[in-house]
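Paired with subunit B in one complex and with subunit C in the other, subunit A is shared by the two complexes that follow.
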Partner chain A sequence: MTPAAPVTPARLPTLLLLVCLMAFLAMPEAFSGLFAPLTRNGAAPIYTQAPLLFLTLNHLALVAAGTLAATIAAVGLAIATTRLAGLSFLPLARAVANIGQTFPPVAVLALTVPIFGFGPVPTLVALFLYGLLPIFETTLTGLTELAPEAREAATACGMTETQRLMKVELPLALPLILSGIRLSAVIALATATIGSTVAASTLGEVIISGLLTGNTAFVLQGGLVVAALAILLNEGFMLLEAIAARRAGRPSAKG
Partner chain B sequence: MAEPAFAASRRALIDPLGATLAAIVAIAFLFQPLMLLRPNRIAPAQGAFAWEALPGLQPMACGIITALVVLILISRADARLRLAAAVAGLVGLGLAVGSGASHLLPPGSAYARVAPGAGAWLALFALSLATGDALVRLRLSPSGRIAALVVAAGVLAGFLASGLWSDLSVLREYASRSDAFLRELWVHAGLSVFSLLAAVVVGVPLAMLLRRVATLRRAALAALNVLQTIPSMALFGLLIAPLAWIGAHVPGAAALGIAGIGVAPAFIALFAYSLLPIVGSTIAGFEAVSERTREAADAMGMTAWQKLLRVELPLALPVILTGVRIVLVQNIGLSVIAGLVGGGGLGVFVFQGISQTATDLVLLGALPTVAMAFAAGIVFDALIDLSRRQETR
Partner chain C sequence: MIDFDSVSRLYGDRPAVADVSLRVGTGEIAVIVGTSGSGKTTLLRMVNRLVEPSSGRILIGGRDNRTLPAHALRRGIGYAIQGHGLFPHRTVAENIATVPSLLGWDAKRISARVDELLSLFHLDPALFRDRMPHQLSGGQQQRIGVARALAAEPPVLLMDEPFGALDPIIREKAQEDLLAIQKAYGTTIILVTHDMDEALHLGTRIGVMDAGRLVQYDVPHAIVAAPATDFVRSLLGAGDRAFHLLSLSTVEEMIESGEAPGAAIPADMSMRAALSESLWSRREALPVAKDGRVIGRVTRAALERRGAGPQ
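Moving on, here comes the complex of A and B:
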């Protein structure tokens, strides 16, 4: 919806946010004065059971792994179901991806615990499952709404099926695919936060610890860091989409 | 993937999609346990295959039904027969699970728990998809789809009321907290629906206002976009601090239930998440009304209000409803998180279940949530179709 633009003055707030986030993660203690008014009975204003930077990196690593796996699977599935032989599986693949999305993330997390035990694995499984639909849908749109002339031209140039896919269809669909990955990554960031209820060490740990001990300072700093990460991740992908769209010769990616 | 090539070569004889689903049903029956038995509610489970879990001749009946369903799904049978087979399979599965639970449960043991195993869930998954696929092939009208949903809900209610499933672990969990369950169910539904209504009441007029002012629109949509990006747990968390402050410092606020922890942060967060889809789809809906239609309305001498209520709003309705559908399904899922900030809802059971490692308790919270989201999706899809028809008439 928002037109993706290259680095302009409009991106200044984003840059400022990035700087603030990095400063906070590098030396959280320096900000303890800001959070101190929110604590009661002399509780610590800054979460120290695990360094915030460590939790952030762990959080991002989980998101990256889950989203990457989802991207590979979803793009593969979308390519397979748009080839002639796989067409009859298209409605099924759509239905499965849709049903997956109606499951609340917490339920997926909780139900994978008996199978994989507590820790990061249930979170990874949930991230993977939740990441599928947006990427699958956008890749499908990108591949099916391609201008027929582009495809015909590729065939006329003597390209094989595979060449056409790799050199024409995928590059042209790339902005849309990236927008799907962006949605998935943002959702993954949220799901990874909830993952700390099943003992994945992510930033959700800070929020939950704050909720359990009634320390609003923890809740706020956990929430702020996650929110900042989500906004930055979103903006970063928008930038990538804009670049891909320019390469694909479109005015802008559909958001 | 080997299936597509296989499907292409045998297109005439075999239904590729049906064959895949049939294979899942067969694998579920032959190689996965139908039931799981636990000595108590948190102990590790032991699997029991269909032929171990069912008494007397039931395993045979179960096998025959499975074989028939598999054959019909593989063949290129017509959609009505496929539907009948898939539904028969689902009902049979429901009966088998209930019977297996009663059979496996050691008499007199108050602690033992029997739950459906991987086989039952896999079969449920494949048969539901087969049912859905058959319904799609039948091209039901919107009201037909709602009728199908009502029938499905009726069958489900019948199973629950008949006591056939009462030995299942999930219903054991329910039996020991039925009052709390009904209360949290209402809280959950109320949170999802009322936050949506609030978003419609605020969002639709806001969208009409923004439609006229382009600069404001860009800023508002960008702000809502950012809001939408913030993960739910973070937003719940961010709201707790200011709400706690308001509850403590503004006179009367605490009496209204505004406090850091509780329903207030959950409601406000859900409302905030609902705004973008509602505003976005309302703007899109109004933009889809063509200039010529507007001019025609003007030419007929309609006032601005008449034009809005009798031309623009009806034409924009399908798109607005699409936004409402997204929000409702999303809110039903997000309301689970409310359980974490003391806002109640079915998430209470999910988080209790996680902390006690009691899978059945998690299911007690999760299954109704999924069912509600699913039903809401179907009802609104039908409503959207109906409003589209109205438009073309």
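Moving on, here comes the complex of A and C:
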């Protein structure tokens, strides 16, 4: 019924963006001319202390690790919440997830550096805590509010709690869970830039170096790469969500 | 086969079901009828323990339904509901195969059973096996819901307003299918409805619920001829009693010998339909045919006598 069309006209700009980003990361010097007008006193237009490609991959790795950890913890917490003692556990679980969200990432860095020292770990902790809430909330909604008739039918057919979770509830909730992961990952992408203040090697390094030396070209290229990554990540997840929604028998779900 | 023994269910201090005792014999269709909120669904769901009784007990085949773990009990009891509750992420075949898979049937047996059920419900297996629920019409979804409930050949089938969402023509077809299937498998069925016509048509026995109480439980004839309370009478509809009575029997049992003009009616036509035909076609008597051969006639006078109430 619904064609699995990966390249619709709406996706064309995304593909173009991907090509531009890859070209820029592969040979940033080729774009010197573009950034030169933003520099003063003959400063370098392209950041070269570390290869931009290396910083980008590092940045993505941190985001992936933080989001993955947040996903495991938040989905686990949501499942536990729906199983344990008829949701009486919910306020506590929600409080835990909320603290992660409301505590400013900068403060998390400041508090964790004395424990873990400078490097990627404090940033990872901040990304993890910051990623919990969206995933927790969407998973909870997906597990408790979707297709109540199908969930009851699972029980009435004689599935055990675990069978119902694995065969019905999680597959049906998957599109929603993915949307939570998407939110967390996009937030993490932005949050990871501040990790470079505590010596995590991320794209934030380019921006901060630009700030310190008054080089607008650095600030802009760091910012642009992060923004492009955010858009691409968002689009990629939307595609996954649409596929998952189709698998879950909801072909009309947006995506 | 199924015994309700003084079963009550309270929500807060309000009884949804109050002290209900009834027995459903093997192979019978017990239809529970009543207005909305009278406790029909609650009563039904206590059989497969989706709801636990506050007091009393339910025996299935003589055994308390709490002796087995709930999930094991439910694998032996079919359950079909109005919203059908199909798994939207599973194909038609996977939906039907749910309980057999849980019971560990081998793949060949499951696939044969799926095809058998699809054919039974007039759905071409080759065409429907791999469809997703959202690719089916409402009537088709409803049939798959019942097929899933019957897949593991449960001795007991529970149905909660299974035909409520269907349009009248499809509903009539679904009711005929149900009667045929019940005959084929000898399944014991408890069916809940708010439609007295449906109850009279399907029920071996009819239980009437009013505000949580079972006010009458009897065969259709007795319900129509002697409603126990005003509530039962009002459910029957004041103006339709004669027609209800006539709709409960076919003309076969009142065939007499003799001639009659015009086209023959089939012997399995209800007396109600025969009376209607007699009035409409202005014939005092109608020929009756069975297996394509005219075997006698029914007269309008005899039909009128069958619709008369007690003096």
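Assorted remarks:
As a working rule, the second predicted complex is superposed on the first by the 241 of 255 C-alpha atoms of A that agree within 3 Å, B and C clash if a C-alpha of one lies under 4 Å from a C-alpha of the other, contacts with A are read in each partner's own complex, and residues count from 1 in each chain.
By definition in this document, a residue touches a chain if its C-beta (ideal position, glycine included) is under 8 Å from a C-beta of that chain, and two chains touch if they have at least 3 such contacts.
Nothing here was measured: the structure is a model prediction, and the numbers come from that model.
After superposition onto subunit A, the modelled positions of subunit B and subunit C are compatible, with room for both. A count of residues in subunit A touched by subunit B and by subunit C gives the higher number to B. Contacts of A:153 after superposition: subunit C is touched, whereas subunit B is not reached. Contacts of A:231 after superposition on the shared chain: subunit B is touched, whereas subunit C is not. When the shared chain is aligned, no partner comes close enough to touch A:79: not subunit B, not subunit C. Looking at the shared chain after the overlay, A:34 reaches neither subunit B nor subunit C. Of the two partner chains, neither subunit B nor subunit C is touched by A:68. Of the two partner chains, subunit C is the only one that A:172 touches; subunit B does not reach it.
Contacts of A:223 after superposition: subunit B is touched, whereas subunit C is not reached. When the shared chain is aligned, no partner comes close enough to touch A:17: not subunit B, not subunit C. For the pair subunit B and subunit C, the minimum alpha-carbon spacing after aligning on chain A is 19 Å. Overlaid on A, the two complexes show subunit B and subunit C touching the same residues of subunit A, namely 1.
Contact residues of subunit A toward subunit B in the complex are 1-2, 38, 80, 83-86, 88-89, 91-92, 95-96, 99, 102-107, 109-111, 113-114, 186, 189-190, 193-194, 197-198, 204, 207-208, 210-211, 216, 219-220, 222-224, 226-227, 230-231, 233-234. Residues of subunit B touching subunit A in their complex: 1, 3-5, 7-8, 16-17, 20-21, 45, 129, 132-133, 136, 218, 221-222, 225-226, 229-238, 240-241, 244, 260-261, 280, 329, 332-334, 336-337, 340-341, 347, 350-351, 353-354, 357, 359, 362-363, 365-366, 369-370, 373-374, 377.
Taken in their complex, subunit A has these residues touching subunit C: 1, 147, 149-150, 152-160, 163, 168, 171-172, 247-251. Those residues of subunit C that touch subunit A in the shared complex are 48, 50, 71-76, 79, 81, 83-90, 98-99, 102, 132-135, 148.
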